[in-house]
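Labels run A, B, C and D following the written order; every chain starts at residue 1.
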Amino acid sequence: MMLTAHEIQNIIRTGVPMAESIDFRVDEVSGKNAIARIPFSETFVRPGGTLSGPIIMSLADASMYAIILATLGRVEMAVTSNLNINFLQRPKPEDLLAEATLLKLGSRIAFCEVNLYSPNSDGLVAHATGSYALPR
Amino acid sequence: MMLTAHEIQNIIRTGVPMAESIDFRVDEVSGKNAIARIPFSETFVRPGGTLSGPIIMSLADASMYAIILATLGRVEMAVTSNLNINFLQRPKPEDLLAEATLLKLGSRIAFCEVNLYSPNSDGLVAHATGSYALPR
Amino acid sequence: MMLTAHEIQNIIRTGVPMAESIDFRVDEVSGKNAIARIPFSETFVRPGGTLSGPIIMSLADASMYAIILATLGRVEMAVTSNLNINFLQRPKPEDLLAEATLLKLGSRIAFCEVNLYSPNSDGLVAHATGSYALPR
Amino acid sequence: MMLTAHEIQNIIRTGVPMAESIDFRVDEVSGKNAIARIPFSETFVRPGGTLSGPIIMSLADASMYAIILATLGRVEMAVTSNLNINFLQRPKPEDLLAEATLLKLGSRIAFCEVNLYSPNSDGLVAHATGSYALPR
């Protein structure tokens, strides 16, 4: 049976203390998509008053992990092998959302795409793709 | 006059609270290279007892920022436009080091390469490239 | 007035002899999408009887160029600054199609995504993202 | 026994007719490096009188294939799984060279870096990284 968004959030926050410390949340999983979020915190900013790159990359990576767990179950040992991210627009100082989509599930590799956006702004904040190596 | 490693570390940790919270350090800057470090902490792990991807990406990104500040001075408004990272080997639970090299400095864009490694292991933990958009 | 698919095809094939030699075609442009194609040729294969990587990359790159010309008009001097491609499935020996989407149009940079697929197979052959530097 | 540069060139040009048609050459292989070349041809240009992106990407990809064959022998069924390229400087209308380095050889994946340059100019034309999936 498919893990729920809440179960996936708990698995990730338990296994990755960093995800707990930035309050990583999984809002929704359905089919090949997961929607995840990092609530805004003043500790996430960088010069310019915008969210720092590492926070955006952390959400991109964790949202891919979420859709992989949603699809395959408890494969916590899946690990990122490649991540490519383009930063398109400085995010406002507000929550950051990510919609991760599983584009290809092979026997060795899962390939995902992530759209990152601010809830109250048009246009993407960033776009990422990534490959996860799956445990045998 | 070129900023010292210590000055760059202070600029980054003051501007980016996240860098302060993970104890980001700049060990050395010279010519086109910067060597940066994140000391090991139990809070950085992920399943498998290894460092999580976001910690490795944070160090990759911050080490590129360091070599750009070393080269151009206080251009804190430089922002990452693209980052590509390949994870090559699970890091041991120890400090993680990064050697960032500036490969191209244009008027709009700085392009860097980063080798990430564990001090006591052979082979790379990860390899990253990235572009920073420079303020005008 | 927006260039037609046929006009864009002619501009690209005239300016880039390589595109002419591989019979690059623009099937359709509309809004933020372009659909482009390379008809199958025995000269495009590699060991395994599948299309070679460079052919797939050439179509990815040219389809992004097509959607940029469709959006901005005759900006032939736009040049690729970054391209990232993931190969997901060996294409059959048949035509290769690409659907390129413009995800962000800035003043300096256009950012695109491309889905590459075989007309008679399920699943993606490859997925690419790319940035083009725009002429001033 | 390690394949020679000339043997690798022949294997690639025989298996990939496209490499033959652009006169792809392997100048040298030694240890973890291969130096490859595409001689200049008027048919490789794009608007601006410079080499087109697909030619540069073709050389990047083929030079990685060359160093993998040099290292592992006749693994022609190795296939590119990811390629990331940054274009740093418009090449002059002259030969294009590539120095490919094998950075990691795993059981499933070989990871390479490529510096692309013009023989008579300073600075890189492009920088690429790529992963090849190895046959079992």
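Convention: contacts are C-beta pairs under 8 Å (C-beta built on N, C-alpha and C of every residue); 3 or more make two chains touch, one makes a residue touch a chain.
Treat the numbers as computed from the prediction; the structure is a model and nothing was measured.
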Just to be sure I understand: going only through chains that touch, what's the smallest number of steps from chain A to chain D?
1
Can you tell me which chain lies farthest from chain C, using the average of the Cα atoms as each chain's centre?
B
Per the definition at the top, count C-beta pairs in contact and tell me whether B-C or C-D has more.
C-D
Distance between the CA centroids of chain A and chain C (whole Å) is 28
Just give me the whole-number Å value for how far the CA centre of chain C lies from that of chain D.
21
So, in whole Å, the Cα centroid of chain B is separated from that of chain C by 34
Listing for chain B: what residues touch at least two other chains?
81-82, 84, 86, 131
Touch list for chain D against partner chain B, complex
82, 84, 86, 88-89, 103-104, 106, 111, 113, 123-124, 127, 129, 131
Footprint of chain D on chain A - complex, ascending
81-82, 84, 108-109, 131
Chain A to chain B touching residues, read off their complex
15-19, 21, 42-48, 52-55, 57-58, 61-62, 76-77, 79-87, 90
